[in-house]
Amino acid sequence: MALVEVRPPGAADPGAASGAPADDEAVVVRFRSDVVVELVRAAAADADVASAARVSTVGERSREVPDAAALAGLITFLMRERHGTPFEHSTFTFYVKAPIFVWREHMRHRIASYNEESARYRVLEPEFYLPGADRDLVQVGKAGAYTYQPGTPAQQALVAEGFRSVCTHAYGQYQRMLAGGVAREIARGVLPVTIYSRAYVTMNARALMNFLSLRRRDDRSHFPSYPQREIELVAEAYETHFAQHMPLTHAAFLACGRVCP
Amino acid sequence: MALVEVRPPGAADPGAASGAPADDEAVVVRFRSDVVVELVRAAAADADVASAARVSTVGERSREVPDAAALAGLITFLMRERHGTPFEHSTFTFYVKAPIFVWREHMRHRIASYNEESARYRVLEPEFYLPGADRDLVQVGKAGAYTYQPGTPAQQALVAEGFRSVCTHAYGQYQRMLAGGVAREIARGVLPVTIYSRAYVTMNARALMNFLSLRRRDDRSHFPSYPQREIELVAEAYETHFAQHMPLTHAAFLACGRVCP
Amino acid sequence: MALVEVRPPGAADPGAASGAPADDEAVVVRFRSDVVVELVRAAAADADVASAARVSTVGERSREVPDAAALAGLITFLMRERHGTPFEHSTFTFYVKAPIFVWREHMRHRIASYNEESARYRVLEPEFYLPGADRDLVQVGKAGAYTYQPGTPAQQALVAEGFRSVCTHAYGQYQRMLAGGVAREIARGVLPVTIYSRAYVTMNARALMNFLSLRRRDDRSHFPSYPQREIELVAEAYETHFAQHMPLTHAAFLACGRVCP
Amino acid sequence: MALVEVRPPGAADPGAASGAPADDEAVVVRFRSDVVVELVRAAAADADVASAARVSTVGERSREVPDAAALAGLITFLMRERHGTPFEHSTFTFYVKAPIFVWREHMRHRIASYNEESARYRVLEPEFYLPGADRDLVQVGKAGAYTYQPGTPAQQALVAEGFRSVCTHAYGQYQRMLAGGVAREIARGVLPVTIYSRAYVTMNARALMNFLSLRRRDDRSHFPSYPQREIELVAEAYETHFAQHMPLTHAAFLACGRVCP
């Protein structure tokens, strides 16, 4: 995380080069290059997968937890044979702060529950995502299978200038409209998609594995995916929590090429 | 619960009247008149509803739990205004034993996760639902708004005879086919829908309220429902657990006429 | 389809051997060994997949249909890369008659719409599924990967006897309870799961491919499935209609190992 | 629709007052104040609702269409009694162009299928929503039940200036980054949420009624909603098509207070 307060534009500020207007000088915006993912609650355990699965074969006795080796074997079997439903009796709730362009992708995942900060009900804070120094900036390859390469210093400056200039100017206009009595839901129209928004996200382990299979790039994946790096940051954080709470399920997910059952 | 072992047919057995065949004599079947609902796990709390809801209006500070009065007020507001999503960040997992005709209705609820005993993978046990003495047997009124009245002693005998005779005969034929090497998935074709089956069911509080609104009859309901009594037994048990874990949400659900938000 | 009216039991009737009771003599039940699948409506075309997919890359011009070769190429690309959403803008509605044990499996598919005949609202007809002569009766192999072999003549007789005896007896008892004034929803408890029920089923092409991937056995499948033969009959009929209305999509589905995108 | 080409800023241009930077002069952006909704395909008819509903009560004969009066009566009954599933066997596919802030709300409707223009795969066009002269700008009342009043001329100017200045500057920076070789998925971070995006949307009639109940304000609604005006524009267009294809269903929806069954 790199939280930087920016008061543009000063003479030495790259933002100045892009001509941010004079009346933006009083606008204070913050930039950072990370996402925030906190686990609010996990109600998830490998043993529960076994209980749910074993009701089909042993009925009443499904509540008895098998020993560790049998549990691992069963979970791997379910994952490999794509018996997905036993992985649904679990739930992860996350508190996430991410830019709007990430939320736009995230909410395409429909087997999930969301509650997000509302720009109709509150004034959004002046916090914006800015690609960090380690973010590749140049796209190569063809649609559907892009790879990315580092930007040149000039490209990095171009991005920093562009983001700082636009975010500062947009937030200034947002404040100006609000101060003039314009409704929040209208004024927010000028805010760029790189502004941060917060939400609670709840998914079960099966939906989470589907998310992970699509939103992380891993050359060992049976079906490769090419997610945008910023949603992949969210996915990486999710996966860490997932692996901690359901280690056998996570191991089986990896062993089966990250194919969601 | 009334668990009765029946070894039909003896001279004094009502099953005999219906002519259960001679080779059913060795079949032992059990009857009961209840359903089993056990809460496996609840990850549910009123405070979580508030957190999810308040992220829209207070963002970062949504993690602070409001005081009890504010919490109750907020939950009632959400319920009344039909803001349903904050109720989704919760989960109830139940272990349920119920007759197949109940499962047939239950599984029409698609926003839920199920794993059920499989008659392809195991031999079902000879346990059958038989309407108890308190179960009304006679339907009056028109389609969509039926009410039920107690049966006469003759009707009660008719039902008892019918169920005992058919279940005993069917289970006997099931065993006979299995003993003859016929696949379980074929032999089960003769089992009546009153046979019990077990499953794990997971729902979030919003889906659960939808289930409760449709599967319990309550004259105070804003939109009355006319569920079959046997699935209502399941709903009653669900509602008890729901009320225990989310008392404010449950109270608001009642106050708002059992309308699922 | 083999529709047979059976009036058991006569001296020569195999049902007699299993001791169907005397008072079943007046019961007329029908047996058949097929399922009925009729396409009510398809609103589905390969070109629509292209439109939906191309909006992401060409925006406004997505309404222009590409030529046949480009269309086939695009659809194959989408299928292989598992871009599933473009396949959702389509819909198939089927009228299906199948035994209840098939519906039990079918309705586990939650991304679908169902309306089924109700045994609460009407008296079910005395029509039952009976495995046909070509139905393998003996299960071999281990759980999750069963195969089936033909039954011996003795096993075939055992099944025919069992089904005929139980269905006849159960339907007789059902009628007897109804005649005695017992509610339909109670009386139906004795009906075996092999009784037919009718429903309308609507699915989009993506959900349909998921169904087909799980409910048909095909050795060329990337992820093999081991469905029960009777639901596979439904799947086969669905697939015929699917292939007729979306031939390029179907070809791509096969080419990609029947993996639902 | 008011499509205006804007080449800011000139001396007399209100955008100039907000100090849009000098290097934005070459940027051409377009503004409009409407949304585009085109019906791509409707596979929807009142008679289909009846067929699906009647399978529960008349089984095989459900394919016979009842006469007009009976059809209207049945549909009203289903709507009033909240039997929602018969309304699912239908589908509407729309091509929609709307600002991103509308899509953000729209895609919270999860029982729907979407394919949207991708800012990763293509360069977004410089077309932006600007509130029209008839758009109320001032919010009054409390959260959850806002109403809106016209803005003063000064407020209208404030909004026009703000939107024009920010959109022009942002699109200029977007182009500058793209010209510098920066990946589209990064450069788009600066685009404001008022930019237009196109998508295909498919919903069945039940999901559509849920959308309409939440996304149109109507004082006759049983459960009032307070949607943002811009998504209401989409809803109005949807409702026109819905009423044309399913007039009886639509009439029943109105008669029942716009409560989604």
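So that you can tell them apart, the chains are marked A, B, C and D in the order they are listed, and the count of residues begins at 1 in each.
Everything below uses one rule, namely that contacts are C-beta pairs under 8 Å (C-beta built on N, C-alpha and C of every residue); 3 or more make two chains touch, one makes a residue touch a chain.
Quantities reported herein were computed from a predicted structural model and do not represent experimental measurements.
Residue-number overlap of contact pairs with C-D passes half for only one option from A-B, B-C or B-D: A-B. Across the two candidate interfaces, A-C and A-D, the one carrying more C-beta contacts is A-D. Separation between the centroids of subunit A and subunit C, computed from CA atoms only, is 39 Å. Look at where the CA atoms of subunit A average out and do the same for subunit D: the two points lie 25 Å apart.
Contact with two or more other chains is made by residues 57, 85, 108, 114, 121, 143 of subunit C.
Of all residues in subunit A, only 57, 77, 81-83, 85, 108, 143-144, 223 touch subunit C in the complex they form. Contact residues of subunit A toward subunit D in the complex are 18-24, 99-101, 103-104, 107-108, 110-111, 114, 119-121, 129, 131, 135-139, 143, 146, 148, 151, 154-155, 158-159, 161-163, 165-167, 169-170, 173-174, 176-177, 180-194, 228.
Within the complex formed with subunit C, the residues of subunit D that make contact are 40-41, 43, 48, 51-53, 55-60, 62-63, 85-86, 88-91, 93, 95, 113-118, 121-122, 125, 198-200, 202, 204.
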